[in-house]
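Just below is one structure, and these are the notes that go with it.
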Amino acid sequence: MLKAAFPGSFDPPTLGHINIIQRAAAIFDELLVVVAENRRKKYLFSAEERVSIMQKLTVDRDNVTVALCDSLIVDFLQKREIGILLRGVRGLDDFSYEFELSMMNRALDSRIETLFMTTDPKYIVLRSSAIKELASFHGNISNMVPPLVAEALEAKYR
Amino acid sequence: MLKAAFPGSFDPPTLGHINIIQRAAAIFDELLVVVAENRRKKYLFSAEERVSIMQKLTVDRDNVTVALCDSLIVDFLQKREIGILLRGVRGLDDFSYEFELSMMNRALDSRIETLFMTTDPKYIVLRSSAIKELASFHGNISNMVPPLVAEALEAKYR
Amino acid sequence: MLKAAFPGSFDPPTLGHINIIQRAAAIFDELLVVVAENRRKKYLFSAEERVSIMQKLTVDRDNVTVALCDSLIVDFLQKREIGILLRGVRGLDDFSYEFELSMMNRALDSRIETLFMTTDPKYIVLRSSAIKELASFHGNISNMVPPLVAEALEAKYR
Amino acid sequence: MLKAAFPGSFDPPTLGHINIIQRAAAIFDELLVVVAENRRKKYLFSAEERVSIMQKLTVDRDNVTVALCDSLIVDFLQKREIGILLRGVRGLDDFSYEFELSMMNRALDSRIETLFMTTDPKYIVLRSSAIKELASFHGNISNMVPPLVAEALEAKYR
Amino acid sequence: MLKAAFPGSFDPPTLGHINIIQRAAAIFDELLVVVAENRRKKYLFSAEERVSIMQKLTVDRDNVTVALCDSLIVDFLQKREIGILLRGVRGLDDFSYEFELSMMNRALDSRIETLFMTTDPKYIVLRSSAIKELASFHGNISNMVPPLVAEALEAKYR
Amino acid sequence: MLKAAFPGSFDPPTLGHINIIQRAAAIFDELLVVVAENRRKKYLFSAEERVSIMQKLTVDRDNVTVALCDSLIVDFLQKREIGILLRGVRGLDDFSYEFELSMMNRALDSRIETLFMTTDPKYIVLRSSAIKELASFHGNISNMVPPLVAEALEAKYR
């Protein structure tokens, strides 16, 4: 049985993240969506809010679960005996960062393999930080995030 | 009549920005230099200072005007019925960011087209943030910015 | 009156090229599609075939014309008094090449400005060379090129 | 049961390819190494030689098999009911090409997912074309390819 | 006699930095390791700590000395009559930034030449900021930094 | 005494190459310009022509000599006891290729260090292949190559 973890800040998740989750859930037997929490970073949505959003967005997928990780991702995966770390890549810039991260994770634990999937072209433009800025200007983000995220963003920036 | 907008932070403008403005003013019937103000960002020069600097730097160009934008740029352009958003690109790094931005702006309003011009090679090195750092160390920036900007930077870092 | 030229090999044109032409024809008063012919390069379609294809694909656009160029593009534009060279860019790789080309063209004639437009995300994947390889394997290219190009490719690889 | 295909020219395979195969064989239930043959390309080793080399190099892996593909890879995978196309990526340049290829393959058959693994840092330098050039100059390639490939290259360039 | 300076934040130094220093010390007659201090930036280790660490790490190299620079690097080099600025590059992202920096430094003083060395592949993954994050999570960094740096990081994050 | 080698095809040399040679000759005690000849590649100018051109272009530099290399560059440098391989880099694309090449050369002989210098911005645009194409169209290349190269190109394409 092949388990994979899909970690991210998801602050907030975009339609691109959902696209990766749906495609990954069709490949792997089990997919764990990992909401990463780093006390040194600032988030718009709290860890609890982000976990709750991800749970609502994946509720119809039997083989997808959601967990919070506030430690090192390789330690987190070891404890759960998950050997595959899945990452979505929107283009060259993303990959440059991910490439280095994957090598560092392998340096920490060589049993954990990082696999990359590329975002579908229509979602290439969706970056959480840009969507937050857009929402802060009350721009129309309805084609960029799931409806419940759009509502949550509106509530934050009202 | 072809109108184009050239938005930027211009905090402060460099000789590279002036180069783009001069070349763009020769192409388009009207060029609107748009000083972007985002309340979430920190600037060295206030919005008013930046507008004033840009007005002084373009005073000899009849078809160039300057405006302030503190909302979403696509909304700003719609209201003024400007369909062309012009961006200067200094190289691959700039383009990577601009490419994504242009796609997001088209997702927001497909009638607004982004056109890119490349900076002349001799201005490739000029980045506002690096020039500010240089000025803070009292480095010689006289070949990087117009004289009035050099004076304004000196005043800030005295 | 603002005239722009859109040069390319168009061997063959893709839906991405057509997308750029339609958007550019809406911006500029006149758009000249320039079929580039370089005797040192090998093409699948002859210069005459490529000009004929481009004429058929742009026949419904009043302000679009097609011409053949087998000399230096800057000389070609000078003679026709066209000051804008328009290029479509599909992403970073394209831009890297185009950036250099635009600087070289400006070194040859500083009055000719290159403007770049980015391809819509759904056409990012369309590269003429890859489509030819696909067609040679009888892959389904109907969503990648206009119908008459699909037929022309099938005829070539039958 | 999760099957993946790992296609490549393998002309010849490097230690980097072998590294990807070993790591992939540990993840997936079955791994099909696909030797790609394109009649329009020139190879140093014939398709038969490349298949034979890959078979010898993977003989100790029970869940790895080798096949030849001279048609479109998506058609090849459909017939074998393999939904995962695995690609090794050595860095940004590789990824740029692979990113586009993966999007084109998804445009051809949206059920086939491309997953990327990154080459271990010590193999980043290994590119088949560079190794062939090195071998043609009788350079020392013993740390770059498996011993049987080193011998095969020596035989070719004697 | 050829003198070179190797500037950096070294906050903290990694095995990659040490690798560059060792290789550079074998090439140049004298190597000055320059600890850069910018009052506008935040460091984990103070300037004094970083100078002390670099001195301990280079104590066995006769032709390597360490100095602190809190002014413009080109002014610093002029005063010491050092004409070569050496930079280590881990890959494309580093180079993109360094390329611009080197051109700006030449614009400031054309007599100062920047030379680049590439980090050995096994150190490509080592970035000071990532190592600090890792240390903050109590990850195993013993293969990434010299022992005294590992201890210093542990002390900081205890 | 610090010796460096500057290898290249120089088919033909551009003002960018000359710029690197002049700056390098001011740094190193001796500079050996190495004209690379690879029997598998096609050149416009023969090895003898390229050596002769480079000799004429460097005749006024006492510490610059020219040699032909038709073997592996690391073997060539070993025999001459030259430990520094100097490469000029015009930007990210060049560097990507050079980065890999430098790592491969270190894999072949770890005593040979590659150092990179960046081309001055005004020469960034100069690529030998593009200049040849330009010359073939009788474009004006007088600002791109030394006068004797311009004449040699004209003679070739007459």
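Residue numbering begins at 1 within each chain, and the chains themselves are lettered A, B, C, D, E and F in the order written.
To be clear about the criterion, a residue touches a chain if its C-beta (ideal position, glycine included) is under 8 Å from a C-beta of that chain, and two chains touch if they have at least 3 such contacts.
Here the structure is a predicted model, which means the values were calculated and not measured.
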| item | value |
| --- | --- |
| Minimal step count in the chain contact network, chain C to chain E | 2 |
| Chain copies touching (chain A, chain E) - same or different residues, decided at half shared | different |
| A-E, B-F or D-E - pair sharing over half of the C-D contact pairs | A-E |
| Centroid distance [mean C-alpha coordinates] between chain B and chain A, Å | 34 |
| Centroid distance [mean C-alpha coordinates] between chain C and chain A, Å | 38 |
| Where chain A and chain F are represented by their mean Cα positions, the distance between them in whole Å | 47 |
| Of all residues in chain D, the ones touching two or more other chains | 91-92, 96, 103, 121, 124-125 |
| Chains that touch, pairwise | A-B, A-C, A-D, A-E, B-C, B-E, B-F, C-D, C-F, D-E, D-F, E-F |
| Partner chain F, residues of chain E touching it in the complex | 2, 23, 26-29, 83-84, 89, 91-92, 95-96, 99, 102-103, 106, 113-118, 120-121 |
| Chain C to chain A touching residues, read off their complex | 91-92, 121-122, 124-125 |
| Parts of chain E lying in touch with chain A, wherever the complex brings them together | 92-93, 124-125, 127, 130, 133-134, 136-140, 143-144 |
| Chain C-facing residues of chain D, complex | 38, 40, 71-72, 74-75, 96, 100-101, 103-104, 107-108 |
